[in-house]
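One chain, chain A, appears in both complexes that follow, with chain B as partner in the first and chain C in the second.
And now, the complex of A and B:
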């Protein structure tokens, strides 16, 4: 291949995909800046390691919560804005359980069930943690999933099912209403203060080139739980009859009907799987960050939407990949910009990637 | 068989006097929502028979098939299958009685693999019927070659074969095919018709809609001409091909 040809190909590329070119230039500039920082000692490799780890953790939470959103989108055809509050509801139910088990006999049951509303009891005082109170945490994980399943089935039965055949916009607006109702109900019951939920978890320090990266027990718990659940969903979708039927329905609803796939059963399974993952994601999010407030899920929802859209809406692998990209971006952006803008950075990256690949990372792959 | 060669729009076009009837449609009125498309449609398919429906665009050919499969609004008349009244039943019931249906468009699951598409064809069974799958692979060897490929990445002809294979997974007595040759290159059209002949010779009755009307009528046992949601003509394929009026009005001379 001659130089002229290379040049003309490059030209062709620049004309056809100008955004890709601009993106490449920006990436080069950012990397250059980073290398300069590393060379001058302004930035340490260990700092980057810490941010990557932090971003990975965030990404796992977003990805795990994004699977349910993506599933309901591809199978039920609507963007469910109440998804964020299923996260919070799962978290509160799970943490009420954890508080109850960890603090039974040491504090007022009412205060425990309200997850220490109004500063009545603190998770740190109860010594809550994966290693210190494992039973309480595991029970909390299970309850968070179960409660979110029950909640999403109940909301579906009473609110979404009767309007299943309306268009996506009607469902979307309805779901916003559900989101507000749930959120303010939770605020009413649990109060609006943000409480600390865990004691400082033990951590290991990994020596990393020029410093240390701390990895604590809750990071590991999140990593294990999220990976296991993602793997479980993958196996379910690829290997089981139900999973294949779910993918079939996401692909082509009319044909699914003709082949005798029971669409209502698939819809129920979608809520059960999506709801369960969402509730657990909510619990793990709180375990990892160590604080809980009634707005947590709603605030996370914007990042989840970004992840799901980035991944190619409707694709669960896209949701996971998108979650990791968004999480890593939000964390690593502090290398270049003030941390107050990290969420904005995540959205900028989403928009930029969508300009290059408008249908998302895993476009047209439905739930596959 | 005493059948009027050219039945006009007002008289019934059913075949009486044979006792091995598989599908019997009588005075069927059907449509979408409140919109009526079919008026008094009569149609029969006998055991192992190969029947073609031809007619202009929008004649109601696809609507007739959808109505048999319970996918339209039923407005009158009856549909019988093997002495069972299936009028107005839902598709998930009809799939159990022994009718397979290959729709005109979007008849595969594009992101599922070829094999998964076939598995979905037998969704209502507890186990995937390995012998039926084997039979489909024997009939369409290309599907075996491509079994782990995503169905949406195959060519139009291969997708059409997959759609047929999917519908054959429950070994139906009657296969409804809506324009199986649509969009195929000429040599593939012939291959497709040959496959359909083979399926029919193996004992499956066929009710097929075709734009490729002359070829379809040459190969089938009997044909119906529909226009405007009504029966126009019914006769053996050869007789329809030779009929001056049918040729002029519906077969382009």
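And now, the complex of A and C:
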């Protein structure tokens, strides 16, 4: 009985979910290839450890920025393509602050405020880092969050609010317009060059089976800040009345209105929380990777979309989990495919999830 | 809006007349600006050729996009991906075979250009099929994200070093990686003229042109004639899409746009219709890409950034989605005002004030303004970075349009899926009036007037 039942259930599964089956086979093949590599010594455990750590860091940035996108996606009901440029804007504001504090008296104030546009001043020369200039970095984190909040509220008030009741596509197209205007305005002000922002941070080497994995101070900073903020959002959504109102709103807008929840208040809270996290994510991203350009947020945006869709739109835990999966995919794909395709691999994972489970891993359970 | 409708209805020649009128007005503006600033005849002709070129490509692209979005309601923001595939496949098929020591790093198959163009369109259509099969079942915003992700995957593939060169049918071919490909074969115009045996006649015509442009008239004439050729392609696209839209196939597409479930309930396999429409549009985008980039002589993957996709979207939204006339007008207005206009303005400024040295960065530009209220460096910097600012302006225009005129320049002109007029014949209901009264105040969709006011 057992075998027959298992067989018939397996058969039914194969018929109903052919994509899932193919996916499982592909995953098994890739894992087999990896194990073979490890067994024959082609791949080292330490390499994998380095890639996993790198993917984890990337995933934290994507997840942190994804929370805001996921919240606006579910509560305001549109895919915000200007989100990536909020990231860049937050990063530029925060890094201008950091440069200013770290370099005051050592360089021209204008050059510092423009984050060393045109190579006028370098972050490495200023010795910027979490351990060397902690005050400047902390101030930068705070300012990046605050600026992104102010920016997203201002954009919402002037641009999204008048067309709040239009359909999602109208809002999406409008957000593309916002993205264009913001991005190239930033290019106009800060220039198009990619500048190095940090000095080489001190790092510790961990021995890992057959080699070493390096972990530097900025990795740890990113880990701490991102985890703390994610925990904070969790507490906010689960324990406060505002959080309850937001979850209700994301779940069913009309029902939330009937129970007396003020739509505009919730929308404002969404932008404040989402914008703040986005700005900080932008700052931490630059701190972690050490370079800053006007395109950074836009290039990250598609990965963030992939993460949000992967986790299920509206679920902040989905966004975090999706971010980690996308980050790990982008980093670890180099084990199997050329590194030029690592971002492509992340997109492919997103497309596959859309095919297999369009509602996402967390089934789009609204911000819960 | 009624004033506007009256205006478009009063133009002789209807929609075609409107397009011609807008084009003439645009050219007149460019020529006048050139005259005021003392451009040479050569400069004038060149700027007209460039303008025509961009009007042509953007009109073609927004017509193709109109088939996706205006007719079928498919939110495709991966246009550059299809263009890129079209161009690269054309390049690989048409480039001469690899010879060691030649200028080109990689070769091609050495086939005629028309084979290459067909192959490029086919490849773009097949990519459309690959994208459409999974993505069409998804919501519009998911399709958007899948298509833009696809266009980036395409760009990364062409950028990657692994596909820089490979063997195909025993020939050394490739995508050239980040440095791109040299398109070392006859440009479309020459290939076309040689194909129909008019090449020598054309060269004679070029020589005759020396009356107007004494030195080396060929580039000028090439540009002008190629612009005309592109306008011919625009007309062909327009005709094709108009026919498609009016056919039973097109009616199903419009029904899908309005309500897919209803179309499904009427027994139409909507997925199949959507896939066909998507593939046709992708092939046309591929062709537009080929006609845009092949005459440039070289192509690099980073041309195909998503911003080009959004250019086409802005053009379509300016003109009004759902209307072929609007698409052409939108393409023309976008090319003349938003795309080419600022660059022309920049050229004019540097022609009038030849020896300007503008500040190299925002800091040098803004500090005199703050410290000495001297706006000149800031203005110079603004003019110098007009290529970035024009994108800011495009973004603002997009926002403004979505706020104030989401239906585009021509107003709400979406064609209904129905073949019979849906408006209520008021006078018939009231007094059983004659056919004439229906025509005078009946719906704009009535067949008697259809040729004038509707497409």
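By our rule, the second predicted complex is superposed on the first by the 366 of 368 C-alpha atoms of A that agree within 3 Å, B and C clash if a C-alpha of one lies under 4 Å from a C-alpha of the other, contacts with A are read in each partner's own complex, and residues count from 1 in each chain.
Assume a residue touches a chain if its C-beta (ideal position, glycine included) is under 8 Å from a C-beta of that chain, and two chains touch if they have at least 3 such contacts.
Only a predicted model underlies this, so the values are computations on that prediction, with no experimental measurement involved.
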{"item": "Chain C versus chain B on the shared chain A, clash or fit after superposition", "value": "fit"}
{"item": "Touching partner for A:254 - first (chain B), second (chain C), both, neither", "value": "first"}
{"item": "First, second, both or neither for A:4, with chain B first and chain C second", "value": "neither"}
{"item": "Partner chain(s) touched by A:15 [first = chain B, second = chain C, both, neither]", "value": "neither"}
{"item": "Which superposed partner A:39 touches (first chain B, second chain C, both, neither)", "value": "neither"}
{"item": "Comparison of chain B and chain C by chain A residues contacted", "value": "C"}
{"item": "Angle at the Cα centre of chain A, taken between the Cα centres of chain B and chain C once the superposition is applied, in steps of 10 degrees", "value": "90"}
{"item": "Touched partner set for A:358, first chain B, second chain C, both or neither", "value": "second"}
{"item": "Minimum C-alpha spacing, chains overlaid - chain B and chain C, in Å", "value": "18"}
{"item": "In the complex with chain A, residue positions of chain C that touch it", "value": "75, 134-135, 138, 140-142, 144-146, 148-150, 152-153, 156-157, 159-162, 307, 310, 313, 317, 360-363, 366-367, 385, 388-389, 391-392, 394-399, 402-403, 406"}
{"item": "Contact footprint of chain B on chain A as seen in their complex", "value": "241, 244-245, 247-248, 250-252, 254-262, 364-368"}
{"item": "Chain B to chain A touching residues, read off their complex", "value": "69, 71, 91-92, 95-96, 101, 103, 106-112, 116, 119-121, 123-124, 150, 166"}
{"item": "Touching residues (chain side chain A, partner chain C) in the complex", "value": "78-79, 108, 110-111, 114, 117-118, 120, 159, 162-163, 166, 168-170, 172-174, 176-185, 187-192, 302, 305-306, 309, 338, 340-341, 343-344, 347-348, 350-351, 354-355, 358"}
